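The following blocks contain the structures, represented as C-alpha cells.
Look at the two complexes coming up: chain A is in both, with chain B in one and chain C in the other.
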Partner chain A sequence: MPEHIRHEPHDIAAAIATLVAPIFDVDAATLSPSTRLMADLPCESIDLLEIGAGLNRRFAIPVRDAAAFLTDLRIHVLEAERTGEAPEARLAREYPHLSAARVAEVLAAVRVPGAPPVLTIGDVAAYVAWSLARHAGTSA
Partner chain B sequence: MRGPVLIAGGSCELGLALGAALAADGMAVALTARDAAGAARIRAALPEAAVLPLCARGPERGGAHEDFAPAAAEGDDAEDDTPETLPERARAALGAAPRLFVDLLHSRFECLLAGADPAAIDLWASRDIAFRARLLRAVSRAMLAARDGRCVFVSSSAAERAAPGQGYYAAAKLAGEALYRAVGVELAPRGVTAGSLRLGWLDAGRGAPFLQSRAANAPLPPTGRTVTVTEAVQTLRFLLSAPATAINATTLTCDGGFGALKPTG
Partner chain C sequence: MQSFSSPPHHSRRVVITGAGAVTPLGHTPRDMARAIREGYSPFRHAAGLPGAACAPVRDFDEAAATGRWRHRRYLSRGGLLALAAALAAAGQAGYACTATPGMPGVATDGDAPHPQPFPEDTALVAASGPNMDVGADFPAACAPRTGDSTVAPGLEHPGLDALWMLRWLPNTAASAVAMRCGIRGEGLVLGTACAASLQAVGEAARRVRWGLAPAALAVGGDSRLSEGGLLSYARAGAIQRDLNPADAAAPHHACRPFDAARRGFVPGEGGAAFVLEPRDAVLARGAAPLAEVLGMGATLDGHALTAPEPDARRAEAAVRGALAEAGLSPGYVHWVAAHGTGTVLNDAAEIRLLERMFADAGHAPAVTAVKSWTGHCASACGAVELAVLLACAADGFLPPVRNLSAPESDRLDFVREARPLPGNGNGSIGLLLNFGFGGQNAALVVRL
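For the complex of A and B:
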C-alpha cells in the first residue's frame, strides 16, 4: 500500500470526499462522513461504480461494490425475515465493516417506507478501513 | 494515437502483428500470454513489449462474504496473474495505465453442440465467457477511474453464421459482443467506449489450417480473397484511434463481404 495513505478513519473519509467531490462538481469541504451519497448528492449507479473504481485506485484495494455501497441492503433484510434470521445478524455478516450501532441505524432507516438510501461517506470509509486492515493482516 | 495499449491473447499471429504496429506508432505495448510458450513468442517477436501472464484462476474467495483476495496492486507480488490484477500489473509494466485494450482471447473448443462432454461445456462457459467478463470488468473499471479508455473485442463472422461444429465458439463470441456492447452503453458517458470487430476468414491462427484444407473451388468473399493480417491490424488500429470513438457499443464486420453472399448449395 502506498505510504502516503494513512489509516485513520477521518483521513480515509477526507480522501473519499476528495474522490467524490469532482464527480458531482461540489466542494469537497462541503462533504463529511455523514453525507448521504444517494440522498444528499445526485448519486446514481454509474456514480457508485466510478467511486468504487476510484477506491480501487486511490487505496490500492479490491472493492466489492455490493458490500461497500450496501446495494443489496433491502434484499438482505427481506431474506433474513423470510428465513427467520435476525436481520441484525444478517447485516453484520454481510457488512462486517459496519459497527453494531451503525447496523442498528441502517436497519431502522430501511424499515421506514419510502426512506432514501442510507449509504453515507462514513459507511464507505468504514469499508475502506476494514479492507485496508484486512489486507494488511493478509500480507503481514 | 493514444496509449498505452494492452492486448489480451497477444501471443497469436494477429496479436503480435498488432503489437508491432502499435509499437511503431510509438505506443507502450503490453501483451498477455497464458503460458510460457506464448510469452516466448511475444518476447521473440516484440522484445521491447511487456509480457504479462494471464490465467483463469480465482478470484479467490475465502468465504461467501469475503472480498477478492489481495492483489499485486497492494505490493503483494504473489503469483497473481488473474484478470483482477491485470490493469495494475499493466500499469506497473508500462509506466501508465492502459488507455487502449484489445481482446483477442479465444479457445479452440469446437465440436457439434450435442456431442460436447458436459464437463467440457462447463469449462467452456468458464473460460470463454466468464473469464472474458472478468477481464472486461477489471479493465473497464480501471479505465473508468481515469475516465478514459477504449476497448475493442475481436469477434468472428462465425458469431453470425456459424458452421456445424462452431456453435460453442459462436456463442462465446456473441456473448463477448454483448459484454462489450454493455460497456459501451454504460461507460461511454464517463469516457470509456467499446465495440467489437467480426473478422472473417483470416489466413492466420485458427483460420490458416482451415483455409489450407478446404476445397479448391470453395467460395471466396466478393473481394476474391480472404482478409489479410495487415488489413485486420489496420482496421483495429483505426478502431483504437480517437476518430473512431463514435463507433461505440456496436459490432463491425470485416470479411470481404462474405456474410452478404447468398448461400450456395
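For the complex of A and C:
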C-alpha cells in the first residue's frame, strides 16, 4: 500500500525524485521539478517502464504512459497540423494535467529541430497530481 | 558485418588469455590457490535450509565487482557473478570494458597497460542456469486475493518491478556481458544444466579454432543458494539435510566426492569467464597464454530426466570425442578433474567410466574433484573448476580431493594430498568432466 502522503505538487515532485534517483544511480537531492528525464538523465524506454510501475506503486494511481511521459507529443502536434486544429488545443486535450503555460513551453520546444524530449519531473508530478485529484473526485 | 575469413578447413590452436572468477574460495587466482594450499573450507550451514550445507561466495560487493551500472538490478545473483567474472577476464586479456562513458573499470591483477576493445565479431558463449530465487519476486506476485479492491492481486501486484522478468530470462546475463564488454559477434546461451559452462568453453574455443570468430568469451555464473534453490534440491532428494545445526564442523565434512561415506552434493555458487584467442595471434603480440584448449566433446545419455546412465557409456563417448578433437589418446592425459559431485549415483558411474577408459588400459592419470573445495556451482561448475585449476597450476600444484577417507575405487589414482602438477616437457594435459540433469555430458581437454 502507498505510504500516506500530502498531495502538494512540490511534495509529489520530491517523491518522484526519490523514486527516480535509484533507477539512475544518482542522488535525489540533485533532482528538481525542472530536471528533464531524457535530456538531463540517461532515461530510456526501459526506465519509463520502471518509473510508471513506481508511480503506480507509490501513489496507487493507474499510469497511462502516453500521457504521463508525453510519449506521443510529436505525433499529436503533427496530427493537429494535418487536421488544421490548433496544436495548443490538441495538447491541452491530450495532456489535461499540464497548465496552458507549460503547453506553450512544450510546443515551443518540440518545434526546435533535433531538440531533446522536454519531459520533466515536474510534468510527471503534474500528471500524478491530476490523477490523484481525479481519483479523489470519482471516489467521493 | 566485418568479414573474418579464415578458411573453414584451417584449424587454429586456441589459448586462454584472460580468466576471471568469483568463487567461494576467493576472487583472484592467488586467493584461490592459497585457500586450497591452506586447507580453507568455504562450506557453511545453509541459513535458508536447516540441516543443509552450502558454499557461498563471500565478500562479493556487487557494485565494486560489476562497476557502477544502473541496470545491475536486472541481474540474478548468478548473472551478477557471471558479469563480474567476464569483466575480470576481459581485463586480464587486455580488452577494455568501458562501453559506457565514465564507467569505472574493474581492477584485476593482470590488466594490460593499453586495453583495446574486443575485435569486431568476437563471439560470446554463455552458460545459463535457471534463477530459482522465487522468494525474491513471487511472494508479491502470488499474493492472495484479499477482497480489498485497492490491493491488486496476483501478477498485477505493484510491488514488482516493471521488468522483473529480466531476472528470470536465460540470456539477460549474456546481454549484460555483451553491453559491458562490447562484444557484438555471435551470441549463444547454453542451457545444458551442469554441463553448460564446460561446453561454453569448448564451443567458444571451437569458434576460434575454426576461424568463425577472431576471439570468444566463454562465461558462466550461477547461484542456487536462495531459499527457493535450496528447497528445490531438497525436494529432489539431491542434497543432505540432516546435518546437526549445532555442529559447527559438520558442513566441512558434508561434501566427499568418491568417498564411501558420500551422501549427496553440497550446493555452491560462483562465476567464471575466459577469453579465448588464436595462439599465433597471441604470441605475435607478445602476450602469455594461460592455457591451451585442445578439444571438447559432448553427448546426451537419452536415459533419464535426472539420474545419469549407470555405466556412463555416453559420457565415455563425450570423453573420446574431446580426446579426438585434441588429437590425443587416453594415455596422454596427466590428470582428470572429475565431475565428482559426491552423490551416490554420479560418482559410481564416473568411477566406472574412468576405470574403463584409463585403468583398464594401464593408464593412471591423477584424479581430483574440485567440487570438494567449491561446492557444486551448478551450470557454472565447469568454468569455476577450470578457473580453480588454472589458479592451482599457476602455483604449481594439483588440488586434492577433500574428505576422501575411503575411496570407492582402488584402481584410480585419486589425489589425496596436493601434489606437483603432473606433466612433461609438452605441458600438463588435463581432462575436465561435467555431467548435468537430463543426461548432459561434457568433456574438455586442456594443456596447462
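Couple of notes before you dig in:
We adopt the following convention: the second predicted complex is superposed on the first by the 137 of 140 C-alpha atoms of A that agree within 3 Å, B and C clash if a C-alpha of one lies under 4 Å from a C-alpha of the other, contacts with A are read in each partner's own complex, and residues count from 1 in each chain.
Everything below uses one rule, namely that contacts are C-beta pairs under 8 Å (C-beta built on N, C-alpha and C of every residue); 3 or more make two chains touch, one makes a residue touch a chain.
This one's a predicted model, so the numbers in the text were calculated from it and none came from an experiment.
After superposition on chain A, the partners chain B and chain C are seen to clash.
Once the two complexes are overlaid on the shared chain, A:Glu94 sits against chain B while remaining clear of chain C. Applying the stated contact rule after C-alpha superposition, one finds that A:Thr83 touches neither chain B nor chain C.
In the superposed model, A:Ala67 lies in contact with chain B only, and not with chain C.
After overlaying the two complexes on the shared chain, residue contacts for A:Ala53 are found with chain B and with chain C alike. Judged by the touch definition given at the top, the superposed model places A:Asp25 against chain C, while chain B stays out of reach.
The wider contact with chain A, measured as residues touched, comes from B rather than the other of chain B and chain C.
In the three-chain superposition, chain B clashes with chain C only at 167-175, the remaining stretches of 41-49, 95-103, 167-175 or 437-445 being clear. Within chain A, the residues touched by chain B in the first complex and by chain C in the second are 1, 46, 49-50, 52-53, 56-57, 60. Looking at the complex, you find that chain A touches chain C at residues 1, 23-25, 42, 46, 49-50, 52-53, 56-57, 60. Residues 1, 46, 49-50, 52-54, 56-57, 60-64, 67, 93-94, 96, 131, 134-135, 138-139 of chain A touch chain B in their complex. Taken together, the chain B residues at the contact with chain A in this complex read 59, 65, 67-71, 73-76, 84, 88, 141-142, 144-145, 147, 186-187, 189-190. Residues 68-71, 150-151, 158-163 of chain C are the ones that touch chain A when the two sit in their complex.
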